[in-house]
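Both complexes shown next keep subunit A, but they swap its partner, so subunit B is in the first and subunit C is in the second.
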Partner chain A sequence: MDFGFNLSPSSAVELDKVDTSLFRELCRIEPGARTCIGCGSCSATCTASEHSGMSVRKLLLSLQRGKMRDVEKMLTCCMLCGKCTMVCPRGINTRRIILTVCRLYENVEGRI
Partner chain B sequence: MIYQGKQKIWSDYQKEIPDNHWFYVRSCIRQSFFPASEHYFLKICRDLLDRDIYESAHHTTCGGIAYHCDTIPQETAMTIVARQFALMTEAGYENLVTSCITSFGNYTEILETWREFPELEARVREHLWKSCRREFRKPVYLAHASDLVYKLRDEIAARARFSLVDKETGEPLKIVEHIGCHYSKMFPHKGVGGAEYPCVLSGMAEAWGGKVIDYPERRHCCGFGFRQYLVKANRGYSMSNTYKKFESMEPYHPDVIITNCPGCPFFLDRWQYVISEQEGKTYGPDGHGIPVLTYEELAGLVLGFDPWDLGLQVHQVGPEPLLDKMGIPYDPSAKYNGLDRKKLMTPGLPAVLKCC
Partner chain C sequence: MENKDQILVIGGGVAGMEAARQLKSLGFKPILVEKGPALGGHVASWNRLFPDMTPVRKVLDPLTSSLEGVEVLLDTTVESVSRSQREYTVVLTRGRVIKCPAIIIATGFKLFEARKKEEYGYGIYDRVITNKDLENWFNTGEDGRVPDRPSAVGFVHCVGSRDIKAGNQQCSKVCCITAIKQAIEVKERFPQAEVYCFYMDLRLFGKKYEDFYINAQRDCGIHFIRGRVSEVAELIDGRVQVKAEDTLSGRPVKVKLDLLVLMSGIVCNPANNHLASELSVPLDEDGFLRSRDNIFSVTESDRPGVFFAGTCTGPKTIPETLSEARGAALGVYNYLKGKK
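Take a look at the complex of A and B:
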């Protein structure tokens, strides 16, 4: 029956079901990834952010939520300029994190 | 955490509820959604438990829905509410009890705003005087009607003819309690148990023999959300919220959902029909839904009032499986009879959801 409206797709993330192995591996290599406070300074300063949606904060969050499509898209947008590393109040080497994720990604099946 | 620490935290969540002498204000929408609930609240509190509860024929809407839909400014809602306070003052009462959670939230928000901005209260007093020559005193106690039933829960239990127990198995019925967002999410200290541990409904359910289910989306909104529902294009959001709750409670096999808000029981009840038509999914056993009752209806059932007098036939999800489990007798042929005991009509049945 058509009621003129439908269920919207759920945006719920079931943490018990998503694959977070990449994030765990990243934290093993770069323990700093765990210390992100999600302040968004990196995204605010990123030149690529406004046009491409690149955001280290979002990248780390997407890795923790297993949203690999979003991670892939963001990785292709970074210019590796390192501005985000300069502003991070936690002193996280965000540029190195991006490079590490790229390297880890080489081993992921079905990557773009 | 040490026990004393827990006790201390819990004491912060307690709310003083006077035992007697209340000025009662009804709800606009509850009277059409659950026509017998308010009548039975008065019947139980006044006639059965001998409390003094007064209502005025001059009471109007509180303006809460219009305010939350952004169709009137808050100052207008405040002047409407000031008039209700004036009616209470004129009747000689100082405790105000509201039937509706939207009203309760609206009244609480207004009283808190006046506390922070006394100049606004002065302006509203002036508006009220100019518009209808009335003056008012603010209520000393403001409660929601479910607070009062919570307070009287043991007196109700003492008079109970039925309990929330499956008569076949002897097991307590599994109860989902859903509390309206405006009860204590805005001002936690105004609700019994605050925003995190509201026990106003779970206290009733347990006092009457049931077992409360703690499921992941227990505190999630029912989905009404005012404009989410009132703008038709947004109704999918409203239903998606409710769907999320049903999916979350489904594995616990609830026997009944109880609520204390006007919107929640309506949407938790009616969306079960829409979800069943759209998705082919039902949440009760054998194609039935999960019955959704107001706390007054549940109190009425426990006290042995006739289910059809309590208005359970106007719910979308049939209450019969619950009545059978509790061992409450009912006459299926009288379901759609009017007060004169003549059949009013027989509604059409849904294609998927089993309703009786």
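Take a look at the complex of A and C:
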């Protein structure tokens, strides 16, 4: 039946239902990943950001909110130049985090 | 009774205690008046203190013992004040009259009444407590609202602070660091629990505070969600569901919690209105007592011989409060030095 409108699914994220296993695994290897303060320096300096939407800030947040599709998309955009690591005020080794997430993905068959 | 060295200190929190102690060592005869049944003020209700997790007793015990010989009047407050020449005549409740050339006001603050923010459900839902309740639970282990094995605990920052609707525009200054301290303590006791802090801004300005924050993030895995909790609802199983926006991702978030802790803010003590009018000292727009100026003379009022110490003029930490108490005592000394 056509009611003349339709409902879009809720965009709310239920924090207690999100699968954050990959993020937790990442933090076990790179505890610094938890210390991001969302300042955006990494994205601002990233050469790939303007063209591809790459952002370490968003990558870390997406991992914590279960937005795995966004994570996958971003991972393919990084050129591993390391500029983000240079500017991070928390001293997070962002480049190594990107590599670690890639590696974790490889271990999970069928994810990428 | 008349005594040129007699100084009245009103309020027996850490500000008043430290001021009285300093006045004593400067050779005065302080009289400390406290409206409650014990000294210590709010600090007596806390458990361990930021930034070094110092047990409260380590602060209050030396302060208390250094007051030996100081006259302390408990369950007493000020009824009226009159001023003649260079002397204040203060009528206390319980009939005492004190004449003194100077007064230090150290009447402190009031904790925001969390009940007033009805949307957070304090006093309505069983699993909602305040920062003060949590300190009390740390001290006594007794609070039926704190579950035995919570799997998720939330902290709401800025409850009644930075909130014009609640009548308090000011930031309470100590509750961001208190939330982080308490979140770490909760995680220590319940390592299996996920802990969430919902904040508008994190205002962590003091020495070692950033270390606390990094420790909370990295070692305790506490989740910091930038977004103000809009509402809390009780679920059928007694837990509460919190709604907010995760403003960093621009999405609404929900989470079910076993315990929610509201960071009630520091607001002005309404008892100051009476004191202010008796002493003719002005109040600021935020309801706190107004310092002569906010850089050079924070501990001075516009009235000669009337000084301020601690949170009666605005939110402060304990070390700031203690420094002001010392400043106020020195202010009394300098004020009277030329007058003897």
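Basically, the second predicted complex is superposed on the first by the 102 of 112 C-alpha atoms of A that agree within 3 Å, B and C clash if a C-alpha of one lies under 4 Å from a C-alpha of the other, contacts with A are read in each partner's own complex, and residues count from 1 in each chain.
We adopt the following convention: a residue touches a chain if its C-beta (ideal position, glycine included) is under 8 Å from a C-beta of that chain, and two chains touch if they have at least 3 such contacts.
Because the structure is predicted, anything quoted here is derived from the model rather than measured.
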In the superposed model, which partner reaches more residues of subunit A, subunit B or subunit C?
C
For A:Arg96, is the partner it touches subunit B (first), subunit C (second), both, or none of the two (neither)?
neither
Contacts of A:Thr35 with subunit B and subunit C, given as first, second, both or neither
second
So, does A:Ser8 touch the first partner subunit B, the second partner subunit C, both, or neither?
first
Name the residues of subunit A shared by its contacts with subunit B and its contacts with subunit C.
10, 12
What residues of subunit B sit close enough to touch subunit A in their complex?
232-237, 239-240, 243-244, 274-275, 277-279, 351
Going by the contact rule set out above, which residues of subunit A touch subunit C in the complex?
10-16, 27, 31-32, 34-35, 38, 57-58, 61-62, 64-65, 67, 90
Residue numbers of subunit C touching subunit A in their complex, please.
152, 194, 196, 214, 217-219, 221, 223, 225-226, 243, 246, 248-249, 251-256
Okay, in this complex, where on subunit A does subunit B touch?
1, 3-8, 10, 12
